[in-house]
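In the two assemblies presented below, chain A is common to both, partnered first by chain B and then by chain C.
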Partner chain A sequence: MRRMFLRRAGLALFLMLAATALTFAIVTAAPGNVAALIAERAAGAGADGEMIKRIADELGLNDPLPVRYVHWLGKAVAGDLGESLRTGKPMMDEFAERIPVTALLLFGGGVIALVLSIGLGLWGAVSNGGVVDRLLHGAALIGASTPNFFVAAMLVIVFAVGLGWVPSFGASGATSWLLPWFTIALFPASVLARVVRVNLQEAMSRPFATTGFAKGLSRRGVLLREALPNIAVPFITTFGAQFTLMIIGAIVVERVFGLNGVGAFFIEAIRFRDFVGMQAVLTLFVVFFVSVNLFVDLIAMFADPRLRRARRA
Partner chain B sequence: MIKFDRRQLLATSAAFAFIASIPRVALAAEHETLRVGIGGETGDLDLLQNVSTLSSYTVVFDALIHYGPGGKLEPGLATAWNIAGDGKSISFDLREGVTFSDGTPFDADAAEWNLKRWMGVADFSWIGIADAYESIVKDAPNKITIKLKRPVPAALLELTIVRPVRFLSPKAVDGSGKQTAPIGTGPWIVEKYSSTETILVRNDKYWGEKPAFSRMELKVVPDELARANALRAGELDVIGGDWVAPLSPRRAKALEGEGMVIVAEPGTATTILGYSPKSPVMQDKAVREAIFRGIDRAAIATVLFEGFADPTVDIFPTTVPTAGTRHEIPARDVAAAQAALTAAGWTGGGGGWTKDGKALEIDFLVSEESFPGSRRIAEMIQGMLTEVGLKVNISSVDNATMHERRPAFQYDLTFFATYGAPYDPHGSLGASFVTASDTGPDGKIYISDELDPLVQKALETGGDAREAAMQAVYDWLATNVTACPLVVTKRLWAVNPRVKGFSLPATDYDLPFKGITLG
Partner chain C sequence: MTTPVYAVENLIIDLYTPTVSVRAVDGASFEIHPGETLAIVGESGSGKTVMTLGPLGLLPEGVAIDMRGTARADGRDLVAMSQSELSAMRGGEFGVIFQDPMSALNPMLKIGPQLAEQARRHAGLSAADARKEAVSLLARTGIPDPADRYDRYPHELSGGMLQRAMIALALAAKPRVLIADEPTTALDATVQAQILALIRQIQKEDGIAVVLITHDIGAVSVLADRVIVLYAGQIAEEGSAIDVLTRPVHPYTKGLLASVPDFRSEISSGTREIPGLPPNQTKVEPGCRFAERCSIAQPSCLARRPTLLPVGDGSVLHRAACPVVLNAQGVAHQ
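Up next, the complex of A and B:
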């Protein structure tokens, strides 16, 4: 088990290195001149060609790409992700302020997606082809097809502008999180509800379900006691994938709701060609993706002994 | 029957009194707080760094001279000023009894310390008075004289700009001279700032007219629709301003229909269609003229800007000083545009033009990111010019590509905007119409060897002769059809009806608060 964990951790580390190298190359290849941006920040309209050249030389921007990457990596490993070209603050300070916001957004959205998807998936399976099942099917399709900026706008117009129940922007208390959470949870909840529903349907045709019925359990009893535990692995892996994708939703949701998280910072970093900021956020995303996937793999292994045995074999 | 002893009665009464007071407390706080939507965080308001948002400085820091309506110079921290006959020294009488919000007195020492932070410093040589700086003389505890190596006719206007010229408490820096706190003499004091909001409280020791309310909250809402919704929901009182929280004309129209007060005042910056001075096709004056005559500016102002723009053919609007005499805006005339091309030897017509076997095609560089709404304007212009027979290809690029291609003149047509008050006309003329000046990513609206001495003379001429020197530049630009001014967009704000007495300050870089009372 320990060896397996170490192997997975090693693979995760390799993935992180490869992904950061790739993002570094992409960010570097993007149009725009870091030195010009820094000069503009320092001198405004006074930034001239000579100043830009001096900054480029000082920062080693004329060095070959691999040299620059190794230089960046060395500092990143030591916890120095550079200073944002837009705000002038160290990226670690930006993260210290912003990661808790994004984490709370993802956590709340994740909990809502988890509860809604299991609840609605089960409800549909209980209805099994009835009106509720069909309605839930349609609702899931709509939920999975509606862009989150539109969902956000609708929720704000109804609940903040119309009814005045919740604030339309900012993190000013518990109620201010409700709309961002529901917005970010809608897509994964819709997808996962279908995953639960479809997997339950399949599980109900398996022999252990037939045995459950033979033992005199009701349909609801078989669903809860026999089928639901058996869909744990596909649900956990899909949930993991959806949870990581929520970070992409966070980029839009944070901006629309005026939350100062990592996603909102990323949008501004792109707009202002804040290469240092972009690279730091992309690195954080890579670490998040790889870590969540590693965690989900381990959870799935614990949940299903067959996976552990298969990996050992 | 319910019985109360004295203690219970007192406790119950106190509880009721407390509950009853809550709405009044909330209401009182609301009467005292103006909530302004801002598009991005204000930052630390470091006067020497080009990071924080310009509008936020203006409420905290004062200048020696303030920019009034139409470019009228008004006393700020200087009550009077005098330019020597040779233009090489300017003396200032400093306002007496002024203190920074940390209690430090504002006097000749503080003024000298502040001015020396940027005058004569290479990074700020783009400011004429900083580039020409020679020395500062303290004539008296409240009187200074700035000595210059050469006259700078726009010196007083330059002293009204926001950064770096405004005054910081000499105690608000560390040992290396880095600003540690935003301490000014202005009407507001920064209580706290973060990436989500900046809280300002009234400076009760302010030397000028104090604001009628005691607190201003600048709330960061990056998304324009979210700002509009927050205004609708009553969570914000004021949104708008190109440098604060841009409001699109279409959104302003929608808000107007929903009972919000829309304030639209003539703008100070001109949107200009620039012809590349290095493009072979744009060297032909007839092509420039065909474009100039083929565009319907009134239609652009009405359709794309919902009427929140004024058509123009002049480089600067009359809201900036020495903007020159007005030229008549010609009606769109397709026949005249085609006639100009024919007279210059182009053959063809509505289906396309050729000369010496070469088809006339125009590369129109557009970046929605650097100029929101420009894609729609470009498409409308493309449609208009197609009727003239000009084939226009729109290259839609991101901001960074725009910043690379524009200074390299890799386009035939592209959009520019003048800087607006208080930087104009000297700012845009000196940067965008002079070959030698290095404007980095901003590029040039038009440059030529013939134009350079005219602009140089206009920038160096002071006194009564300045207006004529400026007019010579404007006339040359108009006669040679070197640029195609389109519209002057209005300064747009949306205000909650509870805000009374809202009026716009003289420039887009100032936050509105003067005269405002809260209902």
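Up next, the complex of A and C:
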């Protein structure tokens, strides 16, 4: 088990290095000249070729790519992701301000996706081919195929503009989070509800479900006591994947709902060709992806007694 | 004679999958009394399991089922029961052991607590008493160090131990009927004998009725008082184990017994297979289902469905559904 953990952690580290190197190369290859941007910001229209060259030399922009990556990596590991070319503030300060917003968005969306998917998946399994089951199946299909900017717009039109229940914009108290949360949760909830439903059905056809009936449990009892624990591993794994994907949704949702999070910052960084900011946000995403997946693997391992006890062997 | 604990009469069960419908049980009747062991034998697909577990609602999900006839237990008809009444019957009157204990026990649940839960629900025990009862059930079924095994998951036990645990689980609610659906098929040969001995011992001690569903003639000879031979959903022959095993009447029973390898003879010389394959049960034909594989079939066999008739002087209800053989015997008697 410990060796397994070390191997997983080593793999995670390798993935982070590979992914940051790749994003570094791509961001660098993107059109635009960092030195020119900085010079323009400092001197306005007065920036000349010499100034640009001087800045490029200072920043080491003319060094070969591997050298620049290692240079960047050394600073990043020490906790320095550079200064945003757009705001001029250290990226760590930007993150300190914005990560809580994004984290709250993902956390709320994750909880909603978790509760909805298990609840609706179970409801469908209880209905078992009935009207509810078919309606939920259709709803999940629609939910998984509607783009979230459209969902956001519809929610705003109905609940903010039409009914006036919640604000349409910004982070101003608890109710202002409801629309962003539901928007970001819709896709993962739809996918996960199907995962729950399909895996429950599979579990109900296994011999241990028949044993559950033989024990005298009702169908609902068999679903909850026998089938539900058996979907833990596929559910946790899929949930982890969906949760990491929610960060992509956050880019759109933060923008639409005027939330000042990492995703909104990323869009601005792209518009402004803020290469430092882009690289910093992408690095954050990489760390998020890899660590969530590592965490999920560990949880899945503890959820299944067969894997849990394997460490003693 | 005692009242039967489980009595099935004129049972017809049709199974529907999205593509085919099958008449799995075609007008079968049987009953079983307290303290008796009834073996139901036949090939795979002959309807043994469907006939026995179908009325209890214990067929896999996803198969639609249409059931007619009656199945009485405790004086009530299971076929006409509501789902919740049926659940109570399953967890009370009947205990079931399945073929493969590795897949029949939930891999995510510990063994002991499931037993305790059954004991609690049935006898209304406290949590502590239920745990004691569960441990003693494990001990009774021959599981060593039962207090330790209580907290184990199925994957931590061997197949034989799991089948013992399965038996303990089936007994936890003190059933009056124990249904063992091919309880030894998935086990090692050395373990099979132990499990059969355990079932026999429990039956002697508790005086419960045991229905043994099997195609293992050896198991039948060890355990059974009475035998039902099922072919394509119809009962071909029934009677005491001795009568059916040593003086089979129906050509199918004879074929079935002849196909059992005898350890004293070479496989090639002593064993004969029944020619042909079991019939397609998607169509309900008149006449004898075995006729097309039968060496003594006559044209009349295909016209009318044979009924079970007493064999010889009709001692202890030895009956067979083969007028051809019975008529020949009748002639011989005169």
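The rule we apply is simple: the second predicted complex is superposed on the first by the 306 of 313 C-alpha atoms of A that agree within 3 Å, B and C clash if a C-alpha of one lies under 4 Å from a C-alpha of the other, contacts with A are read in each partner's own complex, and residues count from 1 in each chain.
Here is the rule we use: a residue touches a chain if its C-beta (ideal position, glycine included) is under 8 Å from a C-beta of that chain, and two chains touch if they have at least 3 such contacts.
Because the structure is predicted, anything quoted here is derived from the model rather than measured.
**Student:** With the two complexes overlaid on their shared chain, look at chain A and say whether chain B and chain C clash or fit.
**Tutor:** Overlaying the two complexes on chain A (C-alpha atoms) leaves chain C and chain B fitting together cleanly.
**Student:** Tell me the contact category for A:88 with respect to chain B and chain C: first, second, both or neither.
**Tutor:** So A:88 only meets chain B here.
**Student:** Between chain C and chain B, which one touches more residues of chain A when both complexes sit on the common chain A?
**Tutor:** If we count touched residues of chain A for both partners, the winner is B.
**Student:** Quick check on the superposed pair: does A:30 touch chain B, chain C, both, or neither? Answer first, second, both or neither.
**Tutor:** A:30 contacts chain B only, not chain C.
**Student:** Identify the partner contact of A:79: answer first if only chain B is touched, second if only chain C is, both if each is, neither if none is.
**Tutor:** A:79 sits against neither chain B nor chain C.
**Student:** Counting only touches as set out at the top, which of chain B and chain C does A:167 meet: first, second, both, neither?
**Tutor:** Only chain B; A:167 stays clear of chain C.
**Student:** After the superposition on A, what does A:156 contact: first (chain B), second (chain C), both or neither?
**Tutor:** Once the two structures are laid over each other on A, A:156 reaches chain B alone.
**Student:** Please indicate which partner A:64 is in contact with in the superposed arrangement: first for chain B, second for chain C, both, or neither.
**Tutor:** Neither partner.
**Student:** Mind working out whether A:207 is in touch with chain B, chain C, both or neither, as first, second, both or neither?
**Tutor:** Second partner only, chain C.
**Student:** Tell me which partner A:256 touches in the superposition: chain B (first), chain C (second), both or neither.
**Tutor:** In the superposed model, A:256 contacts chain B only, not chain C.
**Student:** Once the shared chain is lined up, is A:273 touching chain B (first), chain C (second), both, or neither of them?
**Tutor:** First partner only, chain B.
**Student:** Once both structures are overlaid on their shared chain, how near does any Cα of chain B get to a Cα of chain C? Whole angstrom is fine.
**Tutor:** Distance of closest C-alpha approach: 48 Å.
**Student:** Residue overlap on chain A between the chain B contact set and the chain C contact set?
**Tutor:** Touching chain B in the first complex and chain C in the second, no residue of chain A appears in both lists.
**Student:** What part of chain C is in contact with chain A in the complex they form?
**Tutor:** 56-58, 60-62, 83-84, 87-92, 94-96, 98, 100, 103-109, 114, 117-118, 121, 153, 155-156, 166, 169-170, 173
**Student:** Inside the complex, what are the residues of chain A that reach chain C?
**Tutor:** Touching chain C: residues 201, 204-219, 221, 225-226, 229-230, 232, 304-306, 309 of chain A.
**Student:** Any idea which chain A residues touch chain B in the complex?
**Tutor:** 30-33, 36, 39-49, 51-52, 86-88, 97-98, 153, 156-157, 160-161, 164, 167-171, 255-258, 260, 264, 267-268, 271, 273
**Student:** Under the touch definition given earlier, write down the residues of chain B that touch chain A in their complex.
**Tutor:** Residues of chain B touching chain A: 40-41, 43-44, 46, 49-51, 123-127, 163, 194-197, 219-223, 225-226, 229-230, 232-235, 369, 398-401, 403-404, 427, 431, 438-442.
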